[in-house]
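Heads up: the structure comes next, in structure tokens.
First chain written, first letter: the chains are A, B, C, D and E, and each begins at residue 1.
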Amino acid sequence: MTDPFLLFDLLLAGAIIALAASTLAVRDLFASIVLFIIFGLLSALAWVRLSAPDVALAEAAIGTGVTGALLLKTLHHLRFVTGRLALDTATGFTPEHPVPPAVLWANAALCGLITLGLAVAFLGAPQAGPGFDVLVADALPQSGVDHPVTAVLLNFRAYDTLMEVVVLLAAVIAVWQIERGLTAAPAPSLGEVWQGFARLSLPAIVIVGTYLLWKGAEAPGGAFQGGAVLAAVGLVLLLSRLYVPRPSHRAAARWAFVLGTGAFAAVALLVASGGRVAFQYPIEHAKTLILLIEGLVTISIAVTLAALFHGREPVAIPNERDRDDT
Amino acid sequence: MILDLLAAILIASGAFFFVAGTVGLLRFPDLYCRLHALTKADGLGLALIAMGLSLLAGSAAEILRIILIWFFVALASATCSHLIAAHARRVDRERTDD
Amino acid sequence: MMIDPLTLTLFIPLFGAIGAFVFPRVASAIGLASVLVTVGAVAALARDILAQSEVTIALGGWEPPLGISLRADGLSVAMLAMTGVVGLLVSIGAFDSLKDARQRQYFWPLWLLLLTGMNGVYLSTDIFNLYVMIEVIALAAVGLTVLSGTKAALRAGLEYMYASILGALLFLLGVGFVYLQIGRLDFAGLIAAEPTGAMSAALALMVVGLLLKTALFPLHFWLPAAHANATAPASALLSGLVVKAALYIFLRLTTYMPLPDEILVTLVGALGAGAVLWGGIQAFRAERLKMLVAWSTVVQIGLIFIAFARAGQVGLTESWKAAALLILAHGVAKAAMFLSAGRIKDEIGHDIIRDLDRSEIRPTLAQFTFALAAISLIGLPPSLGFIGKWSLLEGAMAAGYWHWVVVTMIGTLMSVAYFSRVFAGFLRFDRMRGEIAEHKGWALADIAPLTLAISAISLGLMAAPILSFIELGYPFGARP
Amino acid sequence: MTETPFLPLIILLTSLLAAPVLFALPESAARLRTCINLGVASLKVALVAWLGWKVGQGVIYDLRFTMLPGLEFKLQADPLAILFISLSAILWLITTVYSVGYLERGPHRARFFGFFSLCVAATVGIAMAGNLFTFLIFYELLTLATFPLVIHKGSAEALRAGRIYLTYTLAGGLVLLLGTLGLWVLAGTTEFRPGGVLEAVANENRLAAQMLFVVLVGALGVKAALFPFHAWLPIAMVAPAPVSALLHAVAVVKAGAFGIMRVVYEVFGIETAQALGMTAPLAAMAAITIIFGSLKAIAQDDIKKRLAYSTVSQVSYITLGVALASPIAAVGALAHLIHQGLMKITMFMAAGNLAEGLGVKRVSEMNGVGRDMPGTMLAFSAAALAMIGLPPLAGFVSKWYLAQGGLDAGASWVIALLLGSSLLNAIYFLPMLHRAWFRDGPERAEGSAGRHIGWMLAAPPITTALMVLVVGGFANAPFSPLEWTRFVVAIEYQE
Amino acid sequence: MTPDLIYGVTGIAVFAIGLVGALCAQDRLRRVLALKLCSVGAGFLLVVGAWRVPPASPDPVPHALVITGIVVMVSATAVALALIRRLQSLEAEDDD
């Protein structure tokens, strides 16, 4: 009971659990999403407390920021899909065959039991048990970067990271596929104040994103966090109509999506063709290669996340702008 | 020492304004009033806390960063409040139309 | 400088996907070529396996537990080969049958990413890597499910998505528990792990997640609609290949972390029995051909789990073989069946079983293919399905587990019952007054399923070499 | 003396490979199809004759292929196989001629002849199977190949019959699978070996061996139409006449009877089977079936149904002969396998001609048909009289040996049974002959109610009727079925 | 009581809440939220596992894993949301 932060931890944990529960409990979907965003930010805070600043940054930027934007956009679509504000859909829509309450309670009871079991298992697991600490510390000098998390992401477990970028690529392909031919729900005009804000904040966001990327080699930050912040540039551009996707931009967008994955995989293969195994960067070029990959991956992540927010692939819709402005 | 004390007072009063803003958010009757309470109190509260922290900061670079944070938060919150208010007004209008 | 085939089996489909996505106009050509080259790489890998019986690569030069290594042995190469060859034939079928340009444009990149993910699963030796791989598979598979863009497909796709994500997250939480307990994530670590509460929790979470993904009764709720409403090539891939990935992980995982209790083994078998019976009833009641085929997948999955369970904990090494044979047999036959069902639907214009005999057009070749595939799925000799069932029953009998024998027999009879509904529809003619047109000419889309169906039958003759190949590298743990 | 074992394989492949070719031919290429059909069928007869000659010389053919560790696909050509194979090869050729005539201009001929070919391939496989596992494979193939033939007409009735047929035979097939597995687990082999492979097991675990006997013989009894598993056979009569002919004469029921023979002689061994106390119940079952089938036949007015119940009865003679456990009865059983095939195929083809040419499908319509179709009815009469057991026709020969065997085995009730059965045969066959020859029928010209009966329809029944006369009359000539039968029995009884 | 214990239990609780939601939630968007909660819960467990008593720095590997998990989850969420949007559009067309 010596830790002065104990009370803070307990309060924070309580708040996180309460927010999680209320995210699912409140009737209004908008409130639910907002609660979720707060939940995400507090979780990020908790992770800072657990000395995981990289994870906290990623969670705040991607898990909460981008996800929140996606959720809000979807909610907007749900409410405006008929062309006008439909307040009655505020609580979402009920399925055709509602699940009987008995089943719900049974499920809840089951989940409760599972949780109990998991909690017991967790409490029985070794505290701060064995890990990769020593291995990573030993291998770090050969990795080409100084920040252990970046070393893990882009060298020791680069294969996972490549596949993670592949997941992102799969997502954007799937989203384009799903929403092909879909007309967007008209977005509300955000007005001049927003445009001004956009102009002012854009350069700052770019700087912050690039900074995070660059900083990633020796301190918390890196491709994913940087990419997410840069994706915010895309979001601001899209929302402020400073940039409107056109069908002619499709090819460029495709290239941008695959840039990171392609470069990452190409470097891995190139290394492999030089008599090494894939991802085994020569130590003298490791830093250069990792920075190159990170840079390209960041661009892809930023564009992909922005595209995921935008949803459908840019198609020619007659009088799109006219409709939007009404 | 005095610097520390000053900083503590500034931060404490900043926190007070935050609490006040939150009370306003919870107690005020409609959206516009809540927005008013929130933005006013938070803006001031943040400014005070930022000042308090700058007193404690070790270098000019850190102070610069604190100022930047304050600037962008203020900018974002102003824009957000504007957007929320504009949205609310539009919804109200459509509701009366129906 | 040559790159080893192991690495190539992963990277070729990935680059193919990128190419097909960036150059949509030539997506088909790129896609087909990449699948072909991937099959070539798998063949080269198979040659290596025959020579060395296993191949391991520590990616990045970092040995596990720090790094991730890829490992190929007989079983994984058999799965790769099945995936590659079935995938190639489905691709050929898709080349012809996907008429809609936009469908085609998205089919190829998604399918190649799916192939990347599946190849990754079969070569992986790291549980977190497996989590990422099943997510690659999940997203690509959902994309393929909803390729047709109909409302039914989208609904099914969303349901599938929820099940996939939940399954993957359960798996991820299990990975978390493994890390808490042993602080490493590679298979070697799992083998060495002491059985503790946390490890049991981890195993339970991962197994439930995988069962959800592989749609074992009663977690099969998402499967029939998803598989039945996709376009034919997508259905063939989903049903023939995708569910096998989770099944394979289950197989590997329970080799390294054996289920702690005989009761659990029996429970898995009991769920399998439930799948066989319930799936059989539903298939019998299905109104649409593709729905029937999808329910038959539920049945077959159940059968494979009975094979897991049938020899009890002692004889697991033996029962894996039956399971592996059944997995391969189902992969080939089900792909053939879905493709031919798709052809029938294309030709007739619907796939209502009750009205199959009212149609003036009888796509004979597709119907014949369907029947051949059904022979393997029912388990009639000399198909590979028969050999799988034979090994299953042989083990169950030798161990004196008569309940599994009875369930398997009932399942077989039920499969005869529901498939003969379809045959009756194919062969009844008196409900049509006019002339019945047959044989609408050969189509490329007919060749692919026919080849698959014929191989499903004739592979039974090659069961002995297949079995001895699968055992290369001792995938089932029993080193002599 | 062992020779390159490929001859059996070639015989199997002739019809197996003909099937896909026939499937692929378009409906319009009728002439080419006929050529292929007849060509392959004749080739097969020639090859079988050659094989029979070789085997008679003492050459042993043995072809093995490993399917699973320890489990082999095995083809052999022992004298018993030759017996069955010759029957199917010759009758296939004749039935092919008949089918070509019968199905002239009918729909789906490509499919028909494809499956017809597969069906014969399956029969050949069954005959040459060297172990129960291989037997099982072809047994299931036979089911699958005959199903489309049964429902060839594509009517609701045909489909219903097909469904019942499939249910019975596949269920039987599944039980056979169980039995094969059981044999594999118990004995560690599924090999067919004169004298059996289960002697040791029977001593150790009597109950298991007895259960295995029940399972195996029960499973095969389904196809052999052993009471009470016979119900599918009369229903399957909706099939086209050549199919019924083939089903009854060689393919399906004979496969069951042949299987029972293999199981009793070469899986259990006749001594072990007797020691297990299983032969007497089997003989009783066969006896019940013989009487039951005959009684049911009397009650039928539909010609094909009457013939079908007659088959139920007659095929059980084979089972009876096996179950009596006497070498002389075994000769009778094996001879009946051939003789019944010849007689029954004659009668079915004749019945088909009546239906096609005159539209006569019922016994009550048969008045005066002898004058309208003398050739066909002569053939029918010869076969019917042989079936009743009139000396020196084929049926008499087999019944004689069965009766002798019954005496030999000390079961004198067999004589009563055979006499009773012959009497019943006479009761249901003679009225047909009487109506055909001695009653005046309505005025009708050939082709009036049906179509012209060409030589392709007329010749086959006459040919087989002649064969009935020959095998009966020259029963003791070298290479006659009876002689060959003695050869086989000598092997099975290890004398 | 140490932070890892507190947050570990928090993580499991969050996962459980998400699980209940995923199984019981009746509308589509909320189920996505529920699954998202599950993923954060799983993240908690890994981050907690990486934690070491402060002077020692935490194990970086789980951190990398959680970051991967977050990116994977946003991809999955985006696809699920796209499906929801598309379905809603199709259903709205039908209602008109």
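Here is the rule we go by: a residue touches a chain if its C-beta (ideal position, glycine included) is under 8 Å from a C-beta of that chain, and two chains touch if they have at least 3 such contacts.
For clarity, every value in this text was computed on a predicted model and none was experimentally measured.
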item: Set of chains whose contacts include both chain B and chain A; value: none
item: Steps needed, at fewest, to go from chain D to chain E via touching chains; value: 2
item: Third chains touching both chain D and chain C; value: none
item: Farthest chain (mean CA position) relative to chain C; value: B
item: Chain occupying the middle, per Cα centroid; value: C
item: Chains linked by the largest number of contacting C-beta pairs; value: A-E
item: Centroid-based (C-alpha) most distant chain relative to chain D; value: B
item: Inter-centroid spacing, chain C versus chain A (mean Cα positions, whole Å); value: 31
item: Separation of chain B from chain E, taking each centre as the mean of its C-alpha atoms, in whole Å; value: 30
item: Whole-Å separation of chain centres (CA-atom averages), chain A against chain D; value: 73
item: Junction residues of chain E, two or more chains touched; value: 15, 18-19, 28, 39, 45, 48-49, 59, 61-62, 65, 68, 72-73, 75-76, 79, 83-84, 86
item: Interchain contacts, given as pairs of chains that touch; value: A-B, A-C, A-E, C-D, C-E
item: In the complex, chain C residues that touch chain D; value: 364, 368, 375, 380-382, 387, 390-391, 393-394, 397-398, 405, 409, 412-413, 416, 420, 423-424, 427-430, 436, 438-439, 460-461, 463-464, 467-468
item: Residues on chain C engaged by chain A in the complex (per definition of touch); value: 1-4, 7, 11, 14-15, 17-18, 21-22, 24, 57-62, 65-68, 102, 106, 109-110, 113, 116-117, 120, 128-129, 132-133, 135-136, 139-140, 142-143, 146-147, 149, 154, 173, 177, 179-184, 196-198, 200-201, 204-205
item: Residue numbers on chain B that touch chain A, as the complex places them; value: 68, 72, 75-76, 78-79, 82-83, 86-87, 90-91, 94-95
item: Of all residues in chain A, those that touch chain C in their complex; value: 117-118, 120-122, 124-126, 129-132, 135-136, 139, 155-160, 163-164, 166-167, 169-171, 173-174, 176-178, 180-181, 251, 254-255, 257-258, 261-262, 265, 268-269, 272-281
item: Touch list for chain E against partner chain C, complex; value: 15, 18-19, 22, 28, 31, 35, 38-39, 41-42, 45-46, 48-49, 59, 61-62, 65, 68-69, 72-73, 75-76, 79-80, 83-84, 86-87, 90-91, 94
